[in-house]
Amino acid sequence: MDMILNALKYLAYVLIFPGFLFCFLSGLLLCGIDRKLVARMQKRVGPPILQPFYDFFKLCGKETIVPAAANKFMFLMAPLLGLAALVVLQLFIPVFQFNIPAFTEVADVIVILYLLLIPAVSIILGGASTGSPYAGVGLSREMVTVLACELPLVLVLLSVGKVVGASYQGGICFSMTKIVEYQMSHGSLITHAGLIPAAIAFLLVIPGETGNHPFDAAEAETEICEGMLAEYSGAPLGVFKLNHGIKMLTMTSLFVMLFFGGLGSGIESLVALVGLTGTAAHMVSVLLAVLLLFLLCVIVTAVGISLVHAVTARLKIEQIFKYYWTVVSGLALLSLVLVWYGL
Amino acid sequence: MFKKLIAESTGKSPWLFHINAGSCNGCDIELVSVLTPRYDAERLGFKLTGSPRHADIVVVTGPVTQQSLNRVLRSIEQVPDPKCIVTMGSCPQSGNVFRGSYSVAGPLSKYVHVDVDVAGCTPKPEAVIDGLYLATQILAEKRKEMKK
Amino acid sequence: MDFPFVKEAISKLFSKPSCEMYVPDKTKLGAPNYRGRIVFHPEKCINCMMCERVCSGNAITHVIEKTPEGEDKVTRTFYLGSCTFCATCMDFCGHGAIEFTRDYHMIATKEEDLMVSGTFIKKAPVKKAPAAKPAAPKPAAAPAPAEGGKVIKPRDDGKPVQVPSKCVYCTICAKKCPAGALNVDRANKTWELDEDLCVGCGTCSDACPKKAILMPGDEPVTEGAPAPAPAPAPKAAPAAAALIQPRDDGKPVQVPSKCVYCTLCAKKCPAGALTVDRANKTWELDEDLCVGCGTCAEACPKKAILMPGDEPVAADAPAAAPAPKAAAPAPAPKKEEPAPKAEEKPAEPAKPVEPRDDGRPVQDPAKCIYCTICARKCPVGALTVDRAAKTWELDESMCIGCGNCYEVCPKKAILI
Amino acid sequence: MKYIDLLNFLNPVHFPIIAIMLYFLGAFLIVLFGRNRIVRNCIAFLATGLTLTLLILLVKPILIDGGIIPYWMGNRVPAGGYAIGIALEVDALSLFFGLLVATAVFVAILYSFSYMSEDDNEPQYYTLFLMLAGGVLGMVFSGDLFNMFIMVEILTFAAVALTAFRNRVTGALEAAFKYLVVGCIGSTCILAGTILLYQQTHTLNLAQLAYVIPRVGGTNVTVAFALLFIGFCTKAFIVPFHPLAADAHGAAPAPVSVMISGVLTKSGIYGIIRLSFFLFQTMNLGTMQFWLVFLGSVSMFVCVTMALAQHDFKRLLAFHSISQIGYVLTAVGLATTLGASAGLYHAMNHTLFKGLLFLTAGAVLHETGTTDLGKLGGLSKKMPWTTALFLIGAASISGIPPFNGFASKWLIYQASYEKAVETGNIGFALVTICALVTSTLTLASFVKVTQSVFFGQLPKECENAKEVSWGMRLAMSILAILCLVTGLFPNAVQKLLTIPAGSALFNPNAYINGMWQSHLPETAAPAVQTVGVWNPTNWLILLMIALLSICIVAIASKYDAVRENKGEKVALKYSLFYGGEETEFSQVGGGDLFWGFKQNWRHYFSFMHNLHSGIVNDYSLWAVVALALAMVYALIVL
């Protein structure tokens, strides 16, 4: 009996809380806030916050056309594959000190790093399967962008692993739960002197990884007619837009967990102060943690994505690559060296 | 619930695809100026997209020259249903001053059912927004018919 | 590594957005003289179709149906979908029937919403027994053969008609005609109207100094004896049977005997009060225009104008040259003149040279030594004499018959 | 340690020699009865199949129980401390490589039944193929240094002959010639090294050498080490010798390139491992580790960037195989148990997915007649099976989680970063970063291949391509299933295969004892434990649940009720959007993808372009220079 209960519980975890529904709502909400902020920065009123929801449901209502040259199975499966990978990715990121052991035990930082590849690969496969020349060009630009963001991401994760690992036997530690616990005791990693350049580097990587404005040469609607999504219409396109939203959520929550993990410690004391006990306290503190996480994500989006979107113009793919492999990787390498030699 | 949501949001996020069928660019810059801070069509959800596959409303400017005729028809054909065709300015409706010239292939309504005409030789941005707003309502009705 | 606009972006984040409140009401109007939707006032329109002709997008069309009473009901429609809103039609419409409002909401789902139209009944001319409508549809160049005492009636299809007797072919009407439907030739005295170009706007009849063009609705004019001197002239003639007295009210008076009708006085008159017609020897003074400045008197080469204060002059003073000329043409009606003049010239060389009867000099090639003195003396430069090529030409249209060449010619080779 | 009884015929101790003999016997029989196609196929199938079963039977005694099978040819048991006869010694490491060889050969033979059917003089092909297989298996199992040299000679010449098998392919003869020249340089180095060693230690038996060399030492021995090292490097196509591999693969038929990339390079790696871990036991020296790791990472990065610039499908795969060998060498070079087991695990994976990719390339060549990326396109509609199999291969080589590539690479990153933290030397951290970036570059180049060959627009020439015959598909799907299985159960694979083989590396004494029944103290390698947390089975269940639920929701909301093009002629609504134009074909060429990356690295690429001139004397010059450098380095270091 408890086996079924257990299975249901885990299914609920996958589908409801940190899984599909949570990602769907907060992902698109984050996207809406981002668009609103960008508009406000250009002195425009900007679309309503729920605009991405309207876009998504409208796209679901529209007719889906599969071009004759396309490979139908890949054309329809690609967005779903990307969505599945992103939802699973979101499961691995703990919410401050509350996490589901069954999930966070299964994967560590390197697996997360690799899981970020799957949505990119899914959009590439989707674009390639349509066979349109715009998709061909968009696909190669998307690959170069992923390539560009890979180096700084690796550097940052290695330096974080080194700092956190110092207190564990292996000398390195890649599991997210341990990183958060470390921050609970030693204060958020942002306060760690050596890791500040790494934090900045990670912040600069977020727009690149999610394909937001200055680095969206892959889906440039003006030059290559929405790149890989040129032939998509209707529900698959809606799912791709949803993927974009959830990816923003994942990247920002990864940033918050890696560098602002320590803020969670206050929640326990707060709930205890209010005098709740037992499961109610747990429920409330989980709720508080999620709200705090979402708030921090919004702040990070505001700074990392919207501000950058409002003030910069789209870069050429070659400039994107050069920017990431010189400026951002330099920062991350600096922090790795600092951390390595005992700062 | 899902159906109601879709029906309600069809009119709320109209994406535009702009086809220049040989226009003098007067209407083209006017259409783009609709998205600038002063008139800001984005607050109604309008967004210019790059490919006809993403579009709901096709905005055609220019007197549909001979050269651009089959390209325009091909692009309009590739827009998924429910779709609306809006002609902007006098040229697509009648060929305006270019009517009768050897290279003008006649008003757009000869080939495709035009939903909304926004008259004016470069109509004012407010007029364009009104036209597009009307188009979103027509879109909502078309969605209902399509559903049946 | 400068980040442009970051400061502005953040500051704008907290300031009010600069969008206009969008409320889809139709009452909002454009800028003050914005050319928006067209409003047509059918009652003012006279269906002169000028607007149709000038419209670049040819957006204006009209349909005429016959009403039972025979008048034509005209409905004119403006198709806004084909209009470039340049308002040229408004400028050309003489009667202000087209007006551009400031309403810019011209959105239509059906084509009909963009049609602006109005219908009106065109005022047909008053019905009368159709008098001698000019027989040929296209009026002959010269008006109908002169059978004295004929009545000229205005035409009923709105087009102007010419009163040949009154017309002096001064071509003012042709210049004024907006549609360029008239061409008048001063030299061979032709007045043609191009039916389809003419729009019957009546500007020619207004402009005609001689009131020689009748529009529908003017009273018919009886041709009558082609009295060269129209009514105003008699005032002067009967007064001094034998003696011409200068007038007492400061206005000039003409001495018909001396006057050679060279129109110099009319040209010089600053107020344009004098109208002198060389062909039918008329000298009229317009009392109210005349300011009594006397420039005509000075300009007159023949001292044929008396101002108050000059001595009276005998009506038929034996001024040698002009007298016989003045008398000669009187009886012959104006029309023959051009004809005889035409054949008489070619016959000249064979016969001994006699003076011409229209007051212009003629050369006696035998006596003439081509000394070009006459050409130099001619006040209007009508003579061109080429010493080497031995040619002596007179430009009739310029020549005013003053006789200077006759007087200065050393060899008396010029007769007048 | 259990000794195995010599007499019993079915006793596993005879299996290694029987396996090798089967291959050579098969080759010999095919020469005799090879005219008839069915007979030839049966012989080949029997030979390879039996060998594979024999080796699988050997797994229990050696890998699980940790036994070592010595076998003296002709029963000449060593007397008075000197080994006269030729010995075979099969310990965990050699059996691991043996298994790799056997599986690759079996699948390649299956594939070539239908792949080579159109070619003429097929019997020669099969004889050469089985000779090559026998050579490699012999080398891996041989316990005698000179016997290893002979086997290396056999496999080199067989490989050269097979490369030039389709001599009408442009460049085949030239590639074979280049391979022959550099191969011979390598073989002569090995021969010279063997002679020097024999002169110093008067013995050729590997176990005895392992016992004697550390005690003798001296300059001759270091020179011999350098010679042998360079010899095996040429066999493994490490950096200075890698261009000839690209030419060889470009021309060789697909099953042969499977053998060259999957098996030959592993024999080179096996040689290096035997050399540095067992014979000279130099791997505990920091400098030696640095040398191996440096060579590995350089070949890793250089070959991947070169692969990005390729226009030909097979040459691209060739460069990738060398970069994966770089991974293996780096991992092994770390000289930690985790590193060694990760390296061997990656070697196994490499044989599987590289074999699969070469077979798919062969399928494409078989159907369309060209492997030029520019001329191909849109084959997914015509060859769906091959596309799916290719995607599995590409996903596993670029390390996409559910497949085996990721498991081994994940272990390699763990090992190298752990080594970095342990030794405190930031160099190894840079190696980890280089490894991660190289795996993304691999993904990039395979995205390029996917777009240029399988998706994108179908050109006119490939119109009549159709799915390959079931034989080829069966071979490819065997490899694909193996890729997936090894990816899903890394712990099982590790426990069964790689950890025993990995720990065998650190226990030369066991090798010696096994051969001589002497009782040297054995060093038990520390237990392999990984610092990272990755439990693929749970992870995959999670992904499957998520994917399944999403698909169910999608199908419920009629996500796939799409409108498709009905009828033959493509209706306007379903034709592609070319900005309104009417072009039917505008393939985005394989070459000019990744303009951004190439633009930034243009100086590097132009330098590399001149380096890979394709002229034989350049390559042989590099070989000699490498030998000199190795010699100098060995003398300084050892």
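In this document, chain identifiers A, B, C and D correspond to the written order of the chains, with residue numbering beginning at 1 in each.
Following the convention adopted for this analysis, contacts are C-beta pairs under 8 Å (C-beta built on N, C-alpha and C of every residue); 3 or more make two chains touch, one makes a residue touch a chain.
Values in this document were obtained by computation on a predicted structure and should not be read as measured data.
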item	value
Innermost chain by mean C-alpha position	B
Of A-B and A-D, whichever chain pair has more C-beta contact pairs	A-D
Inter-centroid spacing, chain D versus chain A (mean Cα positions, whole Å)	36
Euclidean distance of C-alpha centroids - chain B vs chain D, Å	58
Averaged-CA centre spacing for the pair chain C and chain B, given as whole angstrom	55
Set of chain A residues in contact with two or more other chains	39, 42-46, 60, 63-65, 134, 225, 230-231, 234
Junction residues of chain C - those touching two or more other chains	17-19
Shared-contact residues (touching 2 or more other chains) in chain B	2, 37, 40, 43, 51, 53, 78
Chain-level touch network, classified as line, ring, star, complete or other	other
Chains touching one another, given as label pairs in label order	A-B, A-C, A-D, B-C, B-D
Touching residues on chain B, where the partner in the complex is chain A	2, 5-10, 12-13, 37, 40, 42-43, 45, 48-51, 53-54, 56, 78, 80-82, 143, 146
In the complex with chain A, residue positions of chain D that touch it	377-378, 380-381, 384, 387, 391, 395, 399-401, 406, 410, 413-414, 417-418, 421-422, 426, 429, 432-433, 436-437, 440-441, 443-444, 447-448, 450-451, 454-458, 531-535, 538-539, 542-543, 545-547, 549-551, 554, 557, 559-565, 570-571, 573-579, 586-588, 593-597, 599-600
In the complex with chain C, residue positions of chain A that touch it	37, 39-46, 307, 310-312, 327
Touch list for chain A against partner chain B, complex	39, 42-48, 51, 53-55, 57-58, 60-65, 134, 220-222, 224-226, 229-234, 237
Chain B-facing residues of chain D, complex	557, 572-573, 575, 577, 580-582
